[in-house]
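For clarity, chains are labelled A, B and C in written order, and residue numbers in each chain start from 1.
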């Protein structure tokens, strides 16, 4: 589903990604961990071209994202993204957030878009909150609206960048629940997160990134219980102490 | 085109006249800016009295002079008062008009600044034995001025630009002098020169303001 | 005659007022027309420049910043005089009305561009990214996500600046525009009595006092 090869990313003199290869199969859930500043977000953002890699190639669902002839806005509808800080549109209702792209990009009528939007909100358990503004919702609810905004477009892939890090602990469960049900419906997912419990339960593969490279990867059990690389071991023991 | 708007011969003739005008514009600004600031400071300090008997008339005063175009005020003083036997002269009229008009604007800015200072500051100062006025002047005002410095500067820019109105009552400031030179030479070069002088004089302030404003936005 | 009667005779002369109030009302009409044109064209041009600036073409942005700085630094009266007395030298002869409109619209354009731009840049980057990640294009994101939020925070400063610049319509009297002040001044010199000026002042208050009070309300509401 995703073929990213030899991704390099530089911000001026700062070399953030130093040749990352990432293949994600259909229906696979890939989980990315790594220390702060290791380039996880940057890697994820290369997968829908929010960042343009300095070198390498990114093909998602058969579409070459770095080809200048590619209709990027069309391609991005198939690649849902969920952000750490939700980034809901504060001036629109939950339903408005979910239906904007349906109407403006997918060209649906308002009635059609509303129907799809209501269904998407129902999938994340927020059918009742369609008319609420983001400011009237809890963090967990906001993040679920953000997920609904992405899945309403029927993406082929979903990217999550630390979707629960900005949430109070008691709200994390509801968001992970939605992600788990997405996973069960067969969605291809790439998740950057520190939720090791979720990774153990739901991930097919865990990648450990450090200093712009994938240092080690494997099934969750292997990465968490028997990491090979010294840096992976250091990182895993550090987060498990907390 | 060059000969019309940037004529060197005419420029050479007009230059001393323009320069005298620049001197007067600067002198005028040095008079009206402190005048307006003093008026504004008085209004702002008065507005800290919570009594509605002070606040409402004060607000009416400020809104009255904010609604009144400064040129109308100036003309009223300059062309109207003589009918009542009160011949003040252009200079005094400009002084009074600016005191009233720009005082109202400075007053609004300073009031917002004072309101932005935490009430605990006054309480702390009072608890050390300062009087209310002392607390306002030594504790609140310095913080207030710092909080609204961009707005104060922006207002000052407007005041300096506004001194060009004095040309209407024949004070020989920059614009007036330029128009004199223009009518002597039948060529717009002196007015272009005055515009360039204004721009060079005020551009640094505009740049500074733009920076300060963008920083204020970024901080939000 | 007591002091008050003398004063009333001079500044509130009923006969003079009766004779000249239609002129003042005509002036009020001109002022309103001029003000409306300035506000519409000035704000539209300012918004257009701010949107253009958000495309981030370096040379274009330098030019925009320069134009904005220019019209923030020049006194409006200088611009009016320059256009009215300067342009005829190259055989473009704008009326006083057009000169005033153009000048103040340019000034409002400059100030409002600055305010609109500050509003656009105040919207967090995440809003852009979220919208773009759902496939919205640059223009759609700007129109549906960024500008609605940006305009809201620009309303208070924009209102106050617009009022201040619109009051500049009185400057038109210097270049023979028959707006309120122009009408009042010529009435004064025709009647040798300042009452028309009193009327004119009242007309300005009728026009701008509600606007200033509205500005105060806007400031509270949108803070």
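Here is the rule we use: a contact is a pair of C-beta atoms (placed from the backbone, for glycine too) under 8 Å apart; a residue touches a chain by one contact, two chains touch by 3 or more.
The shown structure was predicted, so the numbers you read here are calculated from the model rather than taken from an experiment.
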**OP:** Determine the set of chains touching chain B that also touch chain C.
**Re:** none
**OP:** Using mean Cα positions as chain centres, tell me which chain lies farthest from chain C.
**Re:** A
**OP:** State, to the nearest whole Å, the distance from the C-alpha centre of chain B to the C-alpha centre of chain C.
**Re:** 18
Subject >> chain A and chain B: spacing of chain centres that average the CA atoms, whole Å >> reply: 54
Subject >> Geometric centre distance via CA averages, chain C-chain A, whole Å >> reply: 48
Original post:
What part of chain B is in contact with chain C in the complex they form?
Top reply: 1, 4-5, 63-64, 66-72, 75-76, 79-81, 83-84, 157-158, 161-165, 167-168, 175, 179, 182, 187-188, 191-192, 194-195, 198-199, 201-203, 205-207, 209-210, 213-214, 217-218, 220
Subject >> Of all residues in chain C, those that touch chain B in their complex >> reply: 6-7, 10-11, 65, 69-70, 72-79, 81-82, 85-86, 89-90, 114, 118-119, 121-122, 163-164, 167-171, 173-174, 180-181, 185, 188, 193-194, 197-198, 200-201, 204-205, 208-209, 211-213, 216
Original post:
What part of chain A is in contact with chain C in the complex they form?
Top reply: 48, 50, 73-77, 79-81, 83, 85, 87-91, 100-101, 104-106, 146, 149-150, 153
Subject >> chain A partner contacts - residues on chain C that touch it in the complex >> reply: 124, 126-127, 129-137, 140, 144-145, 148-149, 152
